[in-house]
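Read through the structures below before going on.
Across the two complexes that follow, subunit A remains constant while its partner is subunit B and subsequently subunit C.
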Partner chain A sequence: MRIVVAFKWAADYQEASVNGSGEVDWSRARPVVSSYDAVAIEVARQIADAVSGEVIGLSVIGEPTVPSMATKTALARGLDRVVVVADETLNNASTTQTGEVLSRAIRQIGDVDLVLAGDSSIDVAAKMVSSIAAGFLGWPAFTDVGNVNVTHGSGVELTRPTAVGSETFTVTRPTVVALTADAVVARVPGMKDILAAGKKPVEQLSLASLGDLESVPYTVRGTSRPSHGARLQKVIDATDTSAAVKQLAGILRDAGVS
Partner chain B sequence: MAADTWIIVAGQPGVKNLIEIARGLTGQVRALVVGTEDVADTIAAAGVDEVVWVRPDPDIPLEAYATTVQSVVQDNPGVLIGGRNPAERVLFGAAVATLGAPVFTGVSSVAADGDDVVVKHAAFGGITEQTVVISGPVGLVVDGGGLPEPGIAVAIEEIAAEAMNDVRVVGRSESTDEHADLASAARVIGVGRGLKKEEDLALIEELAQALKAEIGCTRPLAEGLDWLGRDRYIGISGAHIAPKLYLAVGVSGQLQHIDGVRGADLIVSINSDPRAPMTAEADYSLIGDLYKLVPALTSALSGR
Partner chain C sequence: MTWKTEEPDFEVIVIGAGVAGSVAAYQLAKQGRSVLLIERGEAPGSKNLSGGILYCNEMEKVFPDFLNQAPIERRITRNYVSFLNQDSSFAIDYQDTRLAHPVNAVTVLRAKLDAWLADQCTDTGVMVMPGVRVDAVLTETTDDGTQVVGVQAGEDKLTAHVVIAADGANSFISRAVGLRPKPKQNQMAVGVKGVISLPRRTIEDRFSLSGDQGAAFAVVGDCTQGVGGGGFCYTNLDSVSIGVVLRLDDLVAKKKAATRVFDHFLSHPLMAAYLEGGELREYGCHLVAEGGLDMVGDIHMGGLVVVGDAAGLTLNTGLTVRGMDLAVGSAIAAAKAVGTAIERQDVGAQALSVYRDLLFASTTGKDMERFARMPEFLERERLYSKYGDLLARIMHHIFNHDGTPREPAVKVAANAFSRSKVKIGQLLSDGLAGVRAL
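Then we have the complex of A and B:
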């Protein structure tokens, strides 16, 4: 069984800074394997170990060369090998372009039974890439999945929460599955894993080899700082507990909310 | 582009905001409904121009109808609008891929500008706002916003539903927890990791009773600690709420959480750390220990 894990090498937006006109500076934010994707790698590893399958990491990176930290860190988490599409023109690739490039690369890899992804990336956080990649592939996709079980013949059994509880269903392969953050606890790679990672294969696919993309481009006309700073930001000193809650109770009453 | 709009509806009719966004554009507003007849009926009366309905097999997850959705939208490159629930995102994602349309989340406004579409949206978890211009098909993810106002119904065109692969539900479980409806609550208390133990939720429940508030939480309390149901966590990946009052208790106020409460009229924070980002996101902040402040507030509110 061949499993592809789509992982993003991304910086947490909480480490980015934003200037007065809404421009984001990522230079001080340190990239990592996006946290949900680390969970997806772990789930893939556990499945592959159970059915003696192969786990291939796949990442789309908007740089001309592959940062070795990106592939090493991901490989140390339990991938067998990594395929990367790295191209400067993919810097700030749209969510749809990313999904399309992933779908092309998955076709190029070939014989893929299962694609695992995270529910959300840590920078863009659109929660859309996996569904879009599946749309390009013409495969079904499921998100918010907490449990994947592959011991059922040609199918995969998935469990996910619903509005009233949870639901388990089977789907024939190939399929795309996006996992929630708490599906499993991702391992912390040890020294041995990190050393072994350096010896695992890394393959780079050129964007050109994937053919012309169909995704429609767009232009950014401008950025602005979000206006949610409009809160009153009043601080009530609460060293005197009863005075503080009395004051708050009054505010709530005046605002008509208590 | 006097583009027509497709609203992708999956399983539930709470798409008021989607219709409102679509109405701000020129062109026809069509809804593609994958769901029960009730859902199709509600959408038909929601102020759209046309409804195409796919009737799913109750034992097949809605996502399996992605190719049916693709076949409907493929000849109509225009604006696609979808909601944030799992099945909504998957069917919308399939539609978007068919048209190669770029996708924007956190959309606050859309307007036609000649042949172009101009979209304002929150990017990177809401740390910035971008205005983007698209001269082709575009996809917008919009927060549902509850049930649309009923009006005069348009006709419903049912088309054949064809499920992909072989997908089948083999088990369902209902949790015993009461289903939370945070989106329509007037008062919401959001509890975070400032709470030390699960038993201490009792303090929050008493305050919620005194305030007639629903209880919500940050993600770690629902995913990970499992103290509260996943339908109760608020934020970029959870519920988006717009209550009259949001009272954050022991919540640090990270962007991913704040993204879900921007619509609140009044925000109050109880936090022992004055430097918590929550203080800047609140109208009023009580800086102190929640274990003292919450019980005191409960009695102050019920003592009247």
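Then we have the complex of A and C:
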């Protein structure tokens, strides 16, 4: 079984900060393989180990060269090899473009049975790219999947938690699946995993080799920050902790927080 | 002779990608050694914090073009030493453009500097491995005693001819292997530091600086609310690093909370004026070794050398606080000793004792010896409470014209003296001890 895991080398929002005027400062945020993507890699690895399959990482990067940290970090988490489409023109690519590029690369890789992705990217968090890629491929797409079960010969069984229980699907053809953030607990790569990662194959695909894209790039005209409403402007003196707790509870109650 | 004939995973494994670890790894890789540099943080620099400025001469021995290539913030041309009281302060303000020609000291932000150092390592062939916490070193018993032969993290074990412990002031590695004792409480201090964003121009105006020149403030007295230690403040390009370093034993004895002392320092009128309108960008706490030479102790054994903060190599001379340059100095000595030991195929305790010899023959080791008495001197209580008050009393008599006839300066001093809580004998003793310690 051949599984592709789509992952994104994206700035870690935990290191971004919001300044007084509401602007987000990303300058200090380092790129990472997000915890969402780590979940997808872990699920893929577990399936591949169970059915002796192959796990291929796939990423789209808006830079001319692939940062070695990006591929090493992902490979250390359990991928067998990585394929990257790296091109400057993909910098700030739209979700549609990214989805289409992924679909082309998946076709190029060939014989793919299952595509896994994390819940969303951590920097844009559109939660759309995996479905768009599926659309371009003409494959079914499932999002918010909590469990993937693969047994030889009987297809892929997907379980999706719902508000009242869960839904289970059995899919017998290639499909794209986006996982919930807590589908599994991803392992922390050990020293040997990291060392081995440096020796695994990394293949770079040129955008040109994927043919002309159909999707039309769009331009973001503007963004605005959400208003946070009027602030209560209450300051609690915490010298006496228990009094402060009571005061806080009182303020929350009065404000209608239950 | 202690040497294992089977090929290890790496010739050298360095634990900790701070200044000492990265520089040691870089130099060994330059010698052609296979080096693994392991860092606990998600990226080199993410866990590191420095409360001092970087004196560059050691670094320039390793990277001749350090000043132009490394991400440095400002070149220090203004040193400001202040005794701070609640409502007054007395300062020595030494500003000199000669300090920038050639450049003597610079400010750095560790997140940037350590990332740069790690890049230099990678470019030289070091395998840099962030996000891994080393749990223990692997040891074997030989005829010469315990020999360190590798490291363990989780279930993974990797072997090396030599392990370099550069794991910071609290070095668990050298403690676990029985090389170094747990530091005493009066040898350790806790540093609390914030980085406050301010526009470049505002910093230059407020601190009277031009271009990429920078200022370094060392403050004692009310900044620590009487706790042994001091406050510091220095300028980066578009931020100010400010914090306090508090001796652990005194902090506990005086029942103060480090974060409260930090807040107090920042809101003191002297500092608040510099910081007004700034935004807190980073905030962190870190342990600082303050024991001086006494704390250095054992820094090598079979298969292991200890460098930087982990070896107790920090120096508070009262006027300057040093750590990073000593880290580089120790890394230079360690890389040389370890390289030679591997070359000669003997990595036993005796062979690695060359590290200690090289260290104490270098400026780093000599300075540690020179200031050996300083920690003891700095434990003198009066420095943090009474002298600032005494100086301010004298100045007040001189500058406050209250309409009464002026008194001779000697009498002013004597009066201020008798009203302050400092005794002549104490002053003489402190003065003498201070001079000796310097």
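In this text, the second predicted complex is superposed on the first by the 209 of 258 C-alpha atoms of A that agree within 3 Å, B and C clash if a C-alpha of one lies under 4 Å from a C-alpha of the other, contacts with A are read in each partner's own complex, and residues count from 1 in each chain.
The working rule: a residue touches a chain if its C-beta (ideal position, glycine included) is under 8 Å from a C-beta of that chain, and two chains touch if they have at least 3 such contacts.
Small disclaimer: the values here were computed from a predicted structure and weren't measured.
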A:20 touches, of subunit B and subunit C: first, second, both or neither? second
Which partner reaches more residues of subunit A (counting touched residues only), subunit B or subunit C: B
Touched partner set for A:151, first subunit B, second subunit C, both or neither: neither
Contacts of A:165 with subunit B and subunit C, given as first, second, both or neither: first
Touching partner for A:28 - first (subunit B), second (subunit C), both, neither: second
Which superposed partner A:100 touches (first subunit B, second subunit C, both, neither): first
Shared contact residues on subunit A - subunit B and subunit C: none
Touch list for subunit C against partner subunit A, complex: 9, 38, 42-43, 111, 127, 129, 131-132, 153-156, 158, 279, 281
Interface residues, subunit B side, partner subunit A - complex: 61, 63-64, 66-67, 70, 84, 86, 89-90, 92-103, 105, 118, 122-134, 136-139, 141, 164-175, 179, 186-187, 211, 219, 223-224, 230-231, 236-237, 244-245, 254-256, 258, 262, 265-268, 274, 279-288, 292-293, 296-297, 300-301, 304
Parts of subunit A lying in touch with subunit C, wherever the complex brings them together: 17, 19-20, 28, 30, 32, 188-192, 194-195, 198
Residues of subunit A defined as touching subunit B within the complex: 13-14, 16, 18, 22-24, 94-97, 99-100, 103, 119-120, 123-128, 130-136, 138-144, 155, 157, 160-173, 175, 180-182, 213-226, 228-229, 231-239, 241-242, 244-246, 248-249, 251-252, 255-258
